[in-house]
Amino acid sequence: MSLPFLKRDLPVVIVCVTGVVMIIGYFIQAPEIYLGDILGNLSLIASVIAGYATILGILTLAIVHVKHLSKRTQGQWMYSVLLLALVLAMIGVGLIGKIGTHPYFMWFYQYPLVALDTTIYSVLAFYIASAAFRAFKIKSVEGLILAVAAVFVMLMNAPVGAALWGGFPLIGRWIMDVPNGAAFRGFIIGSAIGAIAMSLRVLIGRERGILGRT
Amino acid sequence: MAISMDPSVWIAALLTIFAYTIIFKDNPLYRIAEHVLVGLSSGYLFIVTWNYVYDQSVAPFFKGQGLLVAGISLVLGVLIFTKFSKRTTWLSNLSIAVLVGTATGLTVRGYLFAQLIDQVKASIVPVAKLQPLDLVNTLLSLVIVVCTVSYFLFSMEHKGTVGVLAKIGRYGMMAAFGAAYGGTVMTRLTIFIQRAQYLLFTWLGLG
Amino acid sequence: MSGLISKLENVDRRVIYFVLIIAVVAVLLNPIGLPVPVTTPTRRYHDAIASLPRGSLVLVGIEFDAGALPENGPMLEATMRLLIKSNQRFVLASLWSGGPAVARIYLDKLKTVIDSSGKRYGEDFVLLPYLVGGETAAAALAKDLKNTAKNDYFGTPVTDIPVLKNVKDAKDFSLAICITAGTPGVEEYLRQWVSPYNMPLIAGALGVAAPTYIPYYNSGQIKGMLQGLRGAAELELIIGAPSSAVSSMDALSAGHLVTIVFIVFGNIVFLVKKYQPKGK
Amino acid sequence: MKGKVSKMRSLAGLQAIPESIGKAAETNRPVHYTPGTVGFSGGVVGYAAQTFAGLSVLSHVSKLTAKYKVPLYVTVAYGELIPVVESVVRESYASEGRADAVSTETHVLYFPIALSNAPYASGVLGLFERIKPASNIMIGGFYFEALAISEQGFVQGAIQIAGTAMTHQIAFFVAACDYTLIGEEIFVAGAIVSQDATLLGSITGQDLLKIIVIAMLVGGFILQNLGVDFLSIMKV
């Protein structure tokens, strides 16, 4: 086998074979063929590869910050020190005893990590208000529909809606059930067809970019 | 109640405030919060991931069980790191190919059945026993589903009949997006309220 | 005049943030106590549990972790209270690595309720360990529970646990409950429990996800649903145990009102500007 | 089929990409791109196709940034995307004859997803404050960071083009971005910009399938209500 074959075509062949096995395995459920085992193992191998890739990612991140540190990038390097120190601290306490069970590890998880994680999440409470202020201007029929649907559903969700007028929850519920339910159904059908077609193009090696080829 | 004396609560509370400052402007406090979050998360992720890959691809060699699968996983896993050298980087493509192939197979399965076929089936409703209002809603839903699917026709311009259907489909989607937006406000506020309760009650001891 | 209007139209987003903070904090410190009417999906969620014959076996899927505690946690708490109150037996299972830890938080919190009801761990309910593998694990659990989870969370072999004695597969359950923050969650249960075994399913969904589950609710694949913290508050009220969800409701109303007021305000300014006579 | 390229309906979001990168070149500010936060496997069954869509548009975007000599920042949330994105970018720059610019003008940054997507979101929020992108393009599967990043992009004054098939998130892109690719549109975007006859042919195939689905919806509904048990025919 020539090197160009290995470099360019072997990955495509691997994609095709593993993909086809995964799909066929779903349709053929005969115990005598043992596809079940192959499927399970293939998923397992893929998840382990993804695991190693995660470690690669963390390594890449660390390299970026080590570079900042060695170049003393202005306005950044001291934050890089903080970051690298915490990565090492977390890994250090994580490796003590049975992996990931040490009280210090749990403390890092429970206090700083969960606090920051949920705070970043909750920042959306602000962004959702400012984006609504900007986006729900009734500039067109579409804008009107968007804004009206949003307001009625908000007034359905918040107890204050029913307190203001009993009709809010009823109309909000109708919007949820009928236009929302139906349009998302159409949206899902379209996306499913698109995703399946995209996947088939990947399987036959026609889709650019996936294996880094343009 | 009085202000908390627990240093852990203080750290969590201060980091919470640091992180919130991003909504006003970038500043050193947010940068601290950001780097603490990314740093701790990376460390946490490393530990959780290492635990998993060790169990699946290294430990079997000590136990002498499942060597084939573990061996393949280990080799393909380690190949990922060849991307650091320009000459060997093509090797990492082999591992990626296994990931892509498996994911593609799962995608076809997942979308074909759970999404496509089930959603079509759910639109076909017997109407004989429905109340008049439900009948109207059922028919309206069918119309919106059909119009939304027509919106996604790409090989024809949205003109004539297709244009009208696509327009209705777009209106339907705008109602859906508005509803989804409005429905999300609750979840976002909930988490903010929970953080506010932490600051007001757990930390400052008010109320 | 027009200068003022453009200023209002481009009001600094930070003003919005500031008003939102003030409104929520003020109401948290001084609750109003607005009524919370019960909606049909919540009522049906409640009825699905309460109408089971006593002693039925129920699967409770805890498909979320610490990040979703503010919203999913109160749902789980109220659901467990209801299961205990209506004398059902239940199995707590999780496809999320953080799920069992969450379950323990609530088992501890409800300890006095459980003890006073005379329910016993192992005899009336059990906690399974984290089941690795997402959808595959959901399928395996439905097909052969005892081979999928060989031990309970505390390491006791499942064959020694009385509540699981006669359990073989999904057919031995009367109801499945999925309280979820995403995937794996409702869709996995639909594919692996509802479609193959015709299992009645009820769900607790984040407010953000609830709209996307509406098609399943309408088609009857989901029998009842708690939608966001509001749904949890309604359930707390039906079973007469108001707790954290109910106490957040006023702040939730205040936050929604601020958002709506800004949308309306933005439109008024926009329309005034549009129809303002041009020129000086 | 060869030679005859099917004509496709134009997508405003796609047409805006060159314009927004052009603006970045004029104002001397960078472009930010993300292929979403679901990865290949780290996400969930079925979402990988959205990452494929993101990568296929990336190949178009990176050719443009190479051509206009605009710095490109690509942020990813899964390790397995690092080698893939790097090689897409490398090949795009090579095809524009600017292979030497890859190491100076392009940056592939990884921010982890651990307990939730918050570390990724916070990383990108911070990055935006520092690089002030003129163009922010996001195509793929997204979670809550969809709104966080696009609101931050708005504050920084970026032209924003975003697309996803995630039912939970598309509404935020519609509200906060200048141009959106809705649902299935992301899966055809790469094919349309490539103008490759085979890929365009497959879009025509998608359309055919949709017409069949519409026929099944309407026909099935009528048949079912005329007493023919269409639903049981559909049981597979």
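In order of appearance the chains are A, B, C and D, and numbering begins at 1 in each one.
Criterion: a residue touches a chain if its C-beta (ideal position, glycine included) is under 8 Å from a C-beta of that chain, and two chains touch if they have at least 3 such contacts.
Quick caveat, the model's predicted, so the values are computed rather than measured.
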* Structure fact -> Shared touch partners for subunit A + subunit B come out as C, D
* Through how few touching steps can subunit A be joined to subunit D? -> 1
* Between which chains do we find the greatest number of C-beta pairs in contact? -> A-B
* Structure fact -> Per-chain Cα centroid nearest the overall protein Cα centroid belongs to chain B
* subunit B and subunit C: spacing of chain centres that average the CA atoms, whole Å -> 17
* Distance between the centres, which are taken as Cα means, of subunit C and subunit A, whole angstrom -> 21
* Can you check how far apart subunit C and subunit D are, centre to centre, with Cα atoms defining each centre and the answer in Å? => 31
* Give me the residues of subunit B that touch two or more other chains. => 19, 22-23, 31, 33-34, 37-38, 41-42, 44-45, 48, 80, 83, 93, 96, 99-100, 102-104, 106-107, 109, 111, 113-116, 119-120, 122-123, 142, 145-146, 149, 152, 173-174, 176-181, 183-186, 188-189, 191-192, 194
* To do: Can you tell me which residues of subunit D touch two or more of the remaining chains?
  => 40-41, 45-46, 48-49, 52, 79-80, 82-84, 86-87, 111-112, 114-116, 118-119, 122, 144, 167-168, 170, 172, 174-175, 182-185, 188, 203, 206, 210, 213
* Asked: Could you say which residues in subunit C touch two or more other chains, in rising order?
  -> 13, 17, 66-67, 70, 207-208, 211-212, 215, 218, 227-228, 230, 252, 255-256, 259
* Given which chains touch which, is the overall layout a line, a ring, a star, complete, or other? -> complete
* Asked: For subunit B, which residues count as touching subunit D in their complex?
  -> 19, 22, 26, 30-31, 33-34, 37-38, 41-42, 44-45, 48, 80, 83, 89, 92-93, 96, 99-100, 102-104, 106-107, 109-111, 113-117, 120-121, 123-128, 142, 145-146, 149-150, 152-158, 173-174, 176-178, 180-181, 184
* **Touching residues on subunit C, where the partner in the complex is subunit D** => 13, 65-67, 134-135, 182-184, 208-209, 211-212
* For the complex, which residues does subunit B have touching subunit A? -> 8-9, 11-13, 15-16, 19-20, 22-23, 31-53, 56-57, 69, 72-74, 76-78, 80-81, 83, 90, 93-109, 111-112, 115-116, 119-120, 122-123, 137, 140-149, 151-152, 169-186, 188-189, 191-192, 194-195, 198
* Can you check the complex and tell me which residues of subunit D touch subunit B? => 6-9, 40-41, 45-49, 52, 79-80, 82-84, 86-87, 111-115, 118-119, 122-123, 125-126, 129-130, 167-168, 170-172, 174-175, 182-185, 188, 192, 203-204, 206-207, 210-211, 213-214, 216-218, 220-221, 224-225, 230-231, 234, 236
* Structure fact -> Per the touch rule above, subunit C residues touching subunit B in the complex are 14, 17, 24-25, 28-29, 69-71, 97, 187, 190-191, 206-208, 210-212, 215-216, 218-219, 221, 227-230, 248, 251-252, 255-256, 259
